[in-house]
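In the two complexes that follow, chain A is the common piece, with chain B as its partner first and chain C second.
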Partner chain A sequence: MKKAKIGSLEKGKISPRQGGELLVISLLATSILLVPAVAVEQQGQNAWLAVLLGTIWGLVTLSIVCWLGNKHPEETIFQYTETLLGKWLGKVVGLLYVWSFLRVVAIVIREFGDFMTTSFMPNTPLSVFSLSLIFLAAWTVFAGLEVLARMNEFIILLVIGSLYFILLLSLGNWELGYLQPLFRVEFLSLLKTSLIPEVWAVDTITFAVIIPFLTRPQRALAAGAAAAVFANGLLAIGLISLLATFGPYFLLVTRFPILMFVRSISVAQILSRFEVLIMVVWVAGVFAKTTFYLYCACLGLAQITGLKEIRPVVLALGTIAVVWSFSLFENITELEASVSTTSPRVLLMYFGIPLFLLVLTWLKEKLHKRQLGRMQ
Partner chain B sequence: MKKQLTILCLLLFCLSLFTAGCWDQIEVEELALVRAIAIDYQPGRRSPYLVTFAISLPSDVAGGEGGGGGGGEPTQLFSGVGASMDLALHQASLNLSRQLFLSHASVILIGEEMAKHGLAHVFDFIIRNPQVRLNAYLLYTNGFAQQMLTTTERLEIGITEEIIGMIEQARFISETEPLPAYKFLQKVVTPGQAAYTALLQKGSPLEEIIPGLQGEQKPGGQEESSGGSDSSEGGGGEKAKEVLTLAGLAAFRNQKLAGLMNAQETRGFLWFLGKTSRTYLAISDPQKPKEIITLHVSRAETKIKPQIKNGQLSFSVEVVTEGDIRSQTSTTKINTPEMMKKVNSANAAVIKQEMEKALHRMQQLQTDLVGFGSILNRHEPKLFSRLQDNWPEEFSKLKVEIVVTSDVRRAGMQANPALPRGE
Partner chain C sequence: MANAFTFLKKLVARKEKPKPPMTNNKQAARKPENDDTPVLSERLALIKKRLGESNDVVIREFNTSKDQVKLALLLIDGLVDKKMINDNIMLPILSNTLANEYSEKLTASNAFELLNKHITAVSELSQASNLTQALKMVLSGDTALFIDGEQRIIVFGTRMWEKRTVAEPVTEAAVRGPREGFTETMRINTSLLRRRIKHENLRFETMKAGRRTATDINLVYINDIVNQETLAEVRQRIAAIDTDAILESGYIEEYIEDAPFSIFPQLEHTERVDKAAAAILEGRVLVMTDNTPFMLIVPTSFFQFIQASEDFYERPYVALFLRLLRLFVLNIALILPATYVAVISFHQEMLPTSLLLNITAAREGIPFPAVAEALLMEGTFEVLREAGIRLPKTVGQAVSIVGGLVIGDAAIRAGLVSPGMVIIVAATAISTFAIPAFNASVALRLLRFPLIILGAMMGLYGVIFGLIIILIHLAGLQSFGVPYLTPLVHGTFRDMVKTIVRPPWWANIFRPRLLDPQQRRRQATNTWARHTPLEERELTHEESKDRQPGKG
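Our next item is the complex of A and B:
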């Protein structure tokens, strides 16, 4: 069976830790802004439980993907779908993933623009944010995965540092009574909330793309799991502090609870006005996430079409993502509605197809062994 | 290729210098910094919302005027009317050479009529507008909120600083509880909890003005007038300039003003929250009932628990307080363990009575300021969800059992009253 060599598309290698950091930023960048409102609306003071449950689903996806990565060394998901499903069907499934990654890029661009225009720059057109973001992202994708991962090492310090700083300062505003009554939840509804893509750590699917580029692919599962647990753990802590500050009722009145939360911080009337830190988290995090997903989409398309270089598709996909981001939602309510529900598509992309590929790999292996046995 | 790239980078960098803030770019010099917002409602008008902004003058203007004797007014008031808050803001902008900027507003005053009309629209404005900060303090004012901003008698240079100073001072007095807007809103939206905020009013700076002295010494530290003829008119005299007073609470029910709690009722209410850590109490002398002993509270802790006996809901409130004796008007010897016990029990009784009065007032207003409902929700969610719809009425019939434990720890520097020996 003929395989496209990876080396021709991506020459860089990243360490498992860098891979994990890319995952952390992808998980945190958007969830910290969007999850609180959604999860609290559905689960009240126990929203953080849904986030913890979501982490488990994320880990399930991750383990499937890592298992697949180990069985098909040196291959990305776009390549082993072809190996497993045959040339044409494999390409279709691969394109499905390219489409899915690009959709994330479009949604994130739109969220970024809408947040900025709503809360900081009401007179600036959305396109300014979308275009500058995609321009930067495309530029970084040109530079390759290694550059992206190294840049992310710096960004992640900014993001995590800012978040911890904010959480620490908010301690003075906490009223733990708001978290009561604890554990008063219906499991089915909790399950439903935990399956919302932002709560469910779906970004773990990106490991299906980057495992071949890790210096030690066998460490992928450990690094990814640590990243997912860390990111969603921080999100859960953030949710708890938001709930303890605002309570489950007032939280729903505001559009971006985390921004209100930061604005409410005032330590001794001196340490206040920290929304610039939320800007840091948001701008830097979103930039890293957009770049990472755009990279995955571009790499996928290049591999599926058998290109020798990733460059020709970057600008094309970038342009599509921007246009898509405008046309995806009519207004902010549609955006919110779309990120607050789960759909069969999500289940299929992040659980169904990987599981199917896993079963297929396993069957093929068995068949192969039986054939070998027969030959002997 | 590399050179071109460098030039491109430089060009982009230079361009970015001019585009900071994109379409929203504005210089600080073009902003009118709003420090306080007063919101009034004039019923019956087509544009009922009267919004007054206290704008801090740019330093060059204020400094020029008030540099010497401190006579300059560092804040300027502008107002606008409109059918909604933002329309009023829009109208106020017509009088301004700068763009209104609300991010520095740290006090929001709500006028009486506004509070009676209902605050839904005010909430909408302060939450929706991205500039307004929700840790600005929300205060209720008797009469027109605008009038509070025109108070000239004050210690601080600006009116906003004066009000903020009073808010910070309130912590040491425990007779009111100013709340930032977000905490107020929290209480508004939480089931089984009524919202309240501090009450700001205008009043005379002197508690009592002795009629005979009116001509010679005018209240408010005014200079003496040259002629004594004014004082001969008696009674009327010159009206004292009024100062601001921050005491008591305004209680809200369903976003509307339900009623006011005076300073004493407010303290009684604050005992329920355990927020009376610095206040003075007067109890009657155990031996001479007409004389008093004053105590200073240094610590207060309160536990509230719902109880259900035979299907009857009641609450138990346990208060533990510590304090020290600050003064006595009699010469009774209180420096013995037995007397301390008596002082303690008298103190507990006084606190309990104060709390009961406050509770009675809250029940009368049907406002659950303490949040008994939300406490019930935490402990007995099922029971509360049944009572929730009718909670204000349920609350007004609620049985609350109050137990106060007082521990007087110290008695100041005086060991014995200063009396001749042997008396």
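Our next item is the complex of A and C:
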């Protein structure tokens, strides 16, 4: 089968740094909400260790994906699954990934809407937030990957700048005693917690989609790894400051600890009430993440169905994501419960299939006795 | 949004179908070259027919000193240097008293050569092969000399007209820096630039646009710095302009910018000579239009609008502070009223209690919701500002007193608006004025209104929603291949820092990366006087060329 050229779907190119920044925003934007609940419940005051350890799983996925990207240059995961698994099976696996990306979109929209309606605007219906967010995301996907990456560069400055600002101001509230006893953990149980990766690690799979659009694909691994380490490091620091401010027990009974955390900051009675800041960060970050995942899903569907343009599927997938977000779960507690165990689905999607593809590629190389792709 | 624009563009383009070419007999009637003739009397009749009875057209018929040849001068009164024509053209031809042996040898056959080379004394001289060509030049201020029986026409460069002298730029005043601004006369403007950049590679490339106005356009650049692709793109876009009139550089701006429906200005304009020179030296192209002091700088990124030429002359710390201030003010001008409305209407809990009590007490008895109040006050302010601009200075002050003080005070006393809102609107207004570029601040002023409405509808979330829309738009914009948000986005770290921090001149080694100039390096490294002795410095490309032959 003659394959549709990459260029026909996406003409833009982004730099590896921009790709890394997309990964950073994906890792940071939503996890700050779920991480405390999931990790603290299992590991108490050492939850941040689990986050740091979880980075490794993200890096494993990233390395597999980058290796695959090197062996199949100019192809996204939706295309080389077809090369390796045959047309129909490949399409099915590709659709699986589209489904998984779209699921993230739905989850993020829902989390966002729940957060907004509970904390800021209780009288506004959930759909206002879902619809307006997906409207913005669809518009950006229409504009293409380049615009998305550039916009994200701006947003990331905003997000990271304000996070540092808040962390710095919170130093006065730290009670280091909450962090003790330090390191008194069972390594195995820590490893098990860190393997609940859906929360903080597996966004690295998105690199399987964007590697062909990087100006220097050989730099993908370096950029992605730096991004993952940076984002999870920041996440761990954030978790430490949350723990140091409230202690593990208070964190478990609070719905949005990050909001309480920001409310507790008050410097000289002037610098206080930073909820606005956290909302700005939240909206901007969530918007970037939603857009990025929606883009991945749309690109995937367009490539699988052999469309010449990405546009026809954007509105359809956007609408599906919104509807899905309403029916996905009843409330945020249910979501937390659903992600706090390592489901086979996660293992399959983020480790199993990529690993299988890797083995297939390796076998293919052995069989045909030639090196695939670009030399490392 | 970009797609909507392209669709609109297509729609507009479809309506204006190119007109079918003119029919043959019409074309024949229009074609003037066919009627051209070397016979002087017929030619003059033709000129009178073509130029009509305009009273500034002067035709002076005369014969050479011994009546060998019939001649005629054609000129436009007011555009020419009459003294020069009298002394250097007519006097040598007519006068017997001058020891001019050539005048006596004149015959009909050698008249053209002799007049051209020996008799007249004008430095700028050219030929035209037919009447149409000559008329074009005459209409720009040259003088044409017709010789009976000779097809060729001598054209003397005699342009001189009343012009405004070089004055201080009004719209871009600076505390420190040269006080010269561009004028409406292109020749003066080119001289101003040439005086600043005395380099052989400074180029003025002439183009023309406007079928009726025949406006001169100069592309100014330094040939071995400018990015040739950008230059070619500018050239091509200007060449594609097809209109009857170009009266100001604003016309050109709209013809050549990337996103014609955007609310943001995509080309910077300046009337400061030093700013223009600096832009050229960075590797940008300056589009110089005749009859206007405003030059366009291509390409432009958004953050140029928060830079003022003064930043580059003051101490770096001052520049840093001022730029941070402008960045802050930019945000204030855009979102302050919207944020106020959103907080008052939705998020009262965000204000400290005592402040909230004060504001609520002040709003007691005010009949409108905060959004109506905001729109009312912002609207009033815009009206006052507009009224102030057009009025003579003396009356303008009265307007600001009546408008600002009397109406504002009365409105508060009458309980129409709250004092808090007046403070907000005033702060916003002052912030708007602190942005150096007028066209950028106008864009922000326009965007303020939708943001206020969004803030009133959905609170702070609405404001952020609006800001993200603006961000999507800005991220999609490009100016001649350079992303609009460069260098904050898509730039090197060095350029990103340089947006805010103006480095000391000795440390400002590289030109902006995104312009992709042919020579990245501005100067050798470490050129601070006491850093590195001259002999040890790393040389720029240019310097090494200059120094090598002598030193060996």
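The definition used in the following text is that the second predicted complex is superposed on the first by the 362 of 376 C-alpha atoms of A that agree within 3 Å, B and C clash if a C-alpha of one lies under 4 Å from a C-alpha of the other, contacts with A are read in each partner's own complex, and residues count from 1 in each chain.
Everything that follows uses one rule, which is that contacts are C-beta pairs under 8 Å (C-beta built on N, C-alpha and C of every residue); 3 or more make two chains touch, one makes a residue touch a chain.
Computed from a predicted model, the values in this text were never measured in an experiment.
S.K.: For A:Thr124, using the defined touch cut-off, is the partner it touches chain B, chain C, both, or neither? Pick first, second, both or neither.
M.R.: Both partners, chain B and chain C.
S.K.: Which holds for A:Pro344: it touches chain B only (first), chain C only (second), both, or neither?
M.R.: Touch status of A:Pro344: no partner.
S.K.: Going by the contact rule set out at the top, does A:Val283 touch chain B (first), chain C (second), both, or neither?
M.R.: Only chain C is touched by A:Val283; chain B is not.
S.K.: Applying the touch criterion given at the start, work out whether A:Tyr249 contacts chain B, chain C, both or neither, answering first, second, both or neither.
M.R.: first
S.K.: Which holds for A:Phe142: it touches chain B only (first), chain C only (second), both, or neither?
M.R.: Touch partner of A:Phe142: chain C, not chain B.
S.K.: Using the superposition on chain A described above, determine whether A:Leu157 touches chain B (first), chain C (second), both, or neither.
M.R.: second
S.K.: Which parts of chain A are in contact with chain B and also with chain C?
M.R.: Dual-contact residues (chain A): 120-121, 124, 128, 269, 272.
S.K.: Residue numbers of chain B touching chain A in their complex, please.
M.R.: Going through chain B, the ones touching chain A are 21-24, 127, 130, 133-135, 168, 180, 182, 185-186, 189-191, 374-375, 377-379, 381.
S.K.: Provide the residue numbers of chain A that touch chain B in the complex, in ascending order.
M.R.: Contact set of chain A toward chain B: 118-125, 128, 177, 180-181, 184, 246-247, 249-250, 252-254, 260, 263-266, 269, 272.
S.K.: Can you check the complex and tell me which residues of chain C touch chain A?
M.R.: Where chain C meets chain A, its residues are 1-3, 346-347, 350-352, 458-461, 464-465, 468-469, 471-472, 475-476, 483, 485, 488-490.
S.K.: Write out the stretch or stretches of chain A touching chain C in their complex.
M.R.: It is residues 15, 18, 116, 120-121, 124, 128-129, 132, 136, 139-140, 142-143, 147-148, 150-151, 153-155, 157, 269, 272-273, 275-276, 279-280, 283-284, 287 of chain A that touch chain C.
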